[in-house]
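Two complexes, one shared chain (chain A), two partners (chain B, chain C).
Coming up: the complex of A and B.
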């Protein structure tokens, strides 16, 4: 049920939201005291002569009023120029590009692990024959939600890197270096997803259509995979979208422990250093990520459940939602 | 080293590291007992091989005038050479790229003879024309290109060269006694013309820092990895260097690793050969297990607290002197540090030109501290045991130093010791970015920490305490004696005269006026795995990797 009008409206809304976020971020950073250039100028360890200080302010345009700086930023942005880091002088586009590449690969693997872990836990917790096994499986999400990521990361590093030497703790060895941080991230995010899935599956398995399918002689595995899972997974879609957003925004803790410099780490250091051009670029990128994910999620709702219609306000379920499902 | 604005993260990071340290040191023992060959090094009989080095910080800009951080100094030290070197053992000046020099009696003219045959890593010659360009660039900067002048250098110079005699003539309108010393600075590293001509956003890259040092950076993966390769033709080390030729290592893989526990684990598990900075309490355990601890205090200024005479109650000299006698450095060193750390004995570090031991002025003497506070009128005691005067508690406010990983423990220890004599010390925290802006602007702050290695003590002291510098004491030139002592040093081209002025300045700042309270000598600590040898530190406590070798 996709309409071009709907897509256009959503795209325009996203651009408006990003513009507001960009402006608000600039304003917030401007009212905060200090920036790397002023810190350099006023550093008592290395005070700069007035002429040099004035020259630096002019070079970085920090001597201009806020509105002029904002217009300069915006003009550069419209030309695809994200400017230079105030901390290290490097191109912000290159820095953010490097961080994004690191984050995307890690987030993709972490997402795959998250879905795998959550599905496995939910299926066992819902369909295992032994009650003990089901109860044990239901306890895993609680453990994963309450275990701090740094602790999980440290345990993994201590065992697989320091003790067994299977992977370096400090240098990037390609795919193998992604596994431990991805497992750490997935362990943390799979808990809540598994809990929602367990609820969804438990609810779906008690629907009348399961009885109908069983009466028709459909194999239990077919009922679970083709029908119960499909219906039970819908509530977890929103949560999964949030998880994707979080993974793409990066994790400071996990990236620090595993010596990675993705978006989470860059967000942390650029905020720490009040590096305005870098923060603006990251905020723009992360808001674009979240808005895109929201849009994709809404589209995915419609794809999974055709009864969900897309309207101006987002996905809206039809009356069929309230009817018991009877598969054809 | 920076702390973070996300204080909870930083605090957790600090506390959580204890979890891993046990595992790390356990792995260290296991690995060594098993005789595993460390993968952090690959070797071929003492020459060649690769060393993986882990540093706690991400290098900032490679632009030499901007190179203030430890990690940047450490890198640039190994990539560039300087006209003059300070012998890291005798701490005397010695020739380097300038094979000799003369100075006129009035201190206005210098003649440097430039060593023949020195080249940069791009093949261009390090000749008199290039030296002239470097000196002018350091003095004037390149404002249009976003490059600031080097504030350690004199404000104006005129440079002439004579290619035939390889002489560079430098004329100063005003004598500048620290000139030779600042030429030894990490930020006075000589660079090729191509680097000076490059746009600022290229100069910040280490691959574009073209020096004449024993190593050059062949690849830079920002914040992840910097690969340094040796220059096979390097043959112009200063006379004091143990290795006069090319570096023993073929390659250094320089990996910034911020997490203390992971950095330590990388070395103990053999993934890296050398690290910088380990918590003092781990030094002893590592030394026992066969690791080499290399530590040094660089020449320059000691770790010191400047006391603001404009902030009551520090406007009272008796209160300032009471603080001097209330700190038991021996206890602090025993409880927090190791024998590689030392109590400060002056505002200058030992071996610094003009250094004088003035520690008698701040010897630990709690009775004396109490007596001084009583004399100052702080005779009452409130319910918490703090001294009072006219119903007001004796209270001081400061911010914990954000540049020192051990600062939390150090400041808390002093807080407890101050309480013993009835002084309340309020400790506050700030993030790295706003530290200068907020802490130094806070009128209620009584003292803050400054003091790091510096190529010249006069320039360092003027930067801190002169009305022409940061005027940290807030005197605005009102103390004409101090201002005269500082100003005269700049002009005192006779070494004996300047040394005498420096000694007087230390006496004045510490003993006479109790303006500045020296705390500790700033130490840099490196740990090398067994099998990694030859690491030396420069006069400024920067690592010299040229002599490092690794064995299988």
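Coming up: the complex of A and C.
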């Protein structure tokens, strides 16, 4: 199923997409009148010392035309050099790395919470004995989708930091400080996931094979755990991939509320300060994240669903049933 | 078995209701089964016969504890293997499952978990009834079971996923699952309605063998009375949830007690092969060839570079005479539908020539049918072929809109005429497909074709999803339409009983090759190809009737 050729093709596709994204971003930034880098460095508001500014000018060859700069950029990129920030002259790679480190642990925890919340709600909404409980569980995703995350974040801070005093709202206490922002992120992203899961589970549980399983004498819990869950979760995998991407790309609002400097906040400040090299690096990173998540999702589909064949354009359901060469 | 022994299954005054979904249902009661009494002895088969909505499946589910949520037994008693089982909770049912009752479902294609290997699903059945069975022992038992139900190379087959098996093989796997724990009672809920005739015969033979071998009592649900007569000892006929008669097949064959049973029987194609003989080809039937197919090849490109292309049709040639009913028969995968799509100009073909009313079709195929006034394709599954959001009126009017034919008033008139021609009341104009019965949907699909007054209709199994009696109404309609409009039918079917009733000429396809093509009478009286004979043998009810539609005494 997983051929080397397929992986190679996908990797080449991903590199091509990233090259296009990179070129387009560069183009977009240079469409603005004047040289954006020169403009930024010589901006009177920019607090850079003269020596740093001169260094940056030389590094980015601002006296050359845009196309020469682009080639220079690319050549350096291929050597892993992401350049230097225009606002403080620090290495972009280091800055991005710092922000990413902040984000990655938060995103992982938020992802775990998202899956936990969504699964819990979907299971209750589909399998609870009481009709009232099922209906209530179905209302939760609507609430979580429509509640703005700054509100959820402030409510959590108000309760757990100010009222109960369990977590500091200002100082970084390591893992404990991750919990509230992760819950806030998960609350928002679990809503849509839960809705798709509820749909998937209810359609899976009304499949004829569930009747056969019941008739075999399999316990209801066994039917759900071994069969309905897996079948019902397949449609939500694409959405889960998008959620992972969103969590990693960062959320400016949640990071602002919880006073964190992750990827979201970093993106915001870079765009605000028109820090071109940093923006380029962030765009590159985020497209790499989405591309690899896409690849992982496609592989996961093929691993879970034997009916899916991996073809050049991505995974797809086999159209013709392959019948074994024996009479019925 | 002696009469004094208690029957295996005894149903007395059973009533089943579904939870009321509307106020009217609550007022009138939503009973779908009303006071039905039945009995079945060890080693015998009882057939429950009726049209869809007759309550036959509901009864089967009620006696096996498989009623869906919302349905409940509102009266009566079910005694199974010496134990009263009506009113048991799901938990109380579990020890009976597999060991007492085995269940063979209707649609084998969706009755296995698509994500799990076949072997794991059989092993699960073995271990569900006895947890102490080791995985190894369960696996050995699974191989034994697959071997018993006639699956070659069972050890390798354990590793197959459901989508890698054919419908017939899947049904065999499901039978293996049903008998995994040696039950005494087997429920077969229309076990072959999704399968080809030849496969149906082999599956029912297998069930018969198992019944004899294990002394099973079999409750066999079907809408085909001929099948019921052929395969069971007793038949119970149901209509609208009420039991009309319940007698031994031998007695019923002599003379059905109930008028409804007689009608059901008359609707079975095999019971009256010459039913439409007097309505045969109208005078318009000439030697003119209206559809000509010459040496057509069609191959589907391989999905991956390593696979070989799949050959769907291999030098198929046939002539369809104007005004005739030309049937194309064969099992699924024989290329029938591909041929229909090619003739309709919707599918490209690799080689050969197709001429419809003097117009040669392009081998490249087309995105849409450019000459609907010549030839139209009517699809097999009417529900899938009708836009669920459209009303009947819009569905039927759409071809006129696409052809820019007439003004609004003109279209309204032609839509109503088309409905009249298929005997649908105008009251249905504003309904949507989901609100119609299966027969009504097929009539809407026909009406949609009729508005453009085509010369040729390609009918792709137009009745295969319908009950026998509804099928018979649709066939009558097709004959009426043909007489009024001098139509030609290219009739695709796997049901030779039906084809025998209606066709003037029959072409038999096997694996994309045309093995025999002859006038209907000649083909049925003296089939030349071995494959044609096999298809003919598989038609249910063959031995029950003689050539004149009279039931033979058994």
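Points worth noting:
Note that in this section the second predicted complex is superposed on the first by the 289 of 328 C-alpha atoms of A that agree within 3 Å, B and C clash if a C-alpha of one lies under 4 Å from a C-alpha of the other, contacts with A are read in each partner's own complex, and residues count from 1 in each chain.
Quick note on the criterion: contacts are C-beta pairs under 8 Å (C-beta built on N, C-alpha and C of every residue); 3 or more make two chains touch, one makes a residue touch a chain.
Keep in mind the model is a prediction, meaning the values are calculated, not measured.
After overlaying the two complexes on the shared chain, residue contacts for A:207 are found with chain C alone; chain B is out of touch. After overlaying the two complexes on the shared chain, residue contacts for A:252 are found with chain B alone; chain C is out of touch.
Taking chain B and chain C in turn and counting the residues of chain A each one touches, the greater count comes from B. Once the two complexes are overlaid on the shared chain, A:216 sits against chain C while remaining clear of chain B. By the touch criterion defined above, A:231 reaches chain C but does not reach chain B.
Partner chain A is touched in their complex by these residues of chain C: 64, 66, 90, 94-95, 97-99, 101-103, 105-107, 110-116, 124-125, 128-129, 151-153, 157, 160-161, 163-169, 171-172, 174, 177-178, 180-181, 195-196, 198-199, 202-203, 300, 303-304, 310, 333. Chain A makes touch with chain B in their complex at residues 32-36, 38-40, 42-49, 51-52, 55-56, 58-60, 84, 87-91, 94-95, 98, 148, 150-151, 154, 157-158, 161-163, 165, 168-172, 252-253, 256-257, 259, 261, 265, 268-269, 271-274. Residues of chain B touching chain A in their complex: 2, 4-6, 9, 12-13, 16, 19-20, 23-24, 27, 30, 39, 52, 54, 58, 60-61, 63, 66, 68, 141, 143-146, 148-149, 151, 155, 200-201, 203-205, 221-225, 253, 255-259, 261-263, 265-266, 268-272, 431-434, 436-438, 440, 450, 452, 463-464, 469-470, 472. The residues of chain A lying in touch with chain C in their complex are 207-209, 211-220, 222, 226-227, 230-231, 304-307, 309, 311, 318-324, 326-328.
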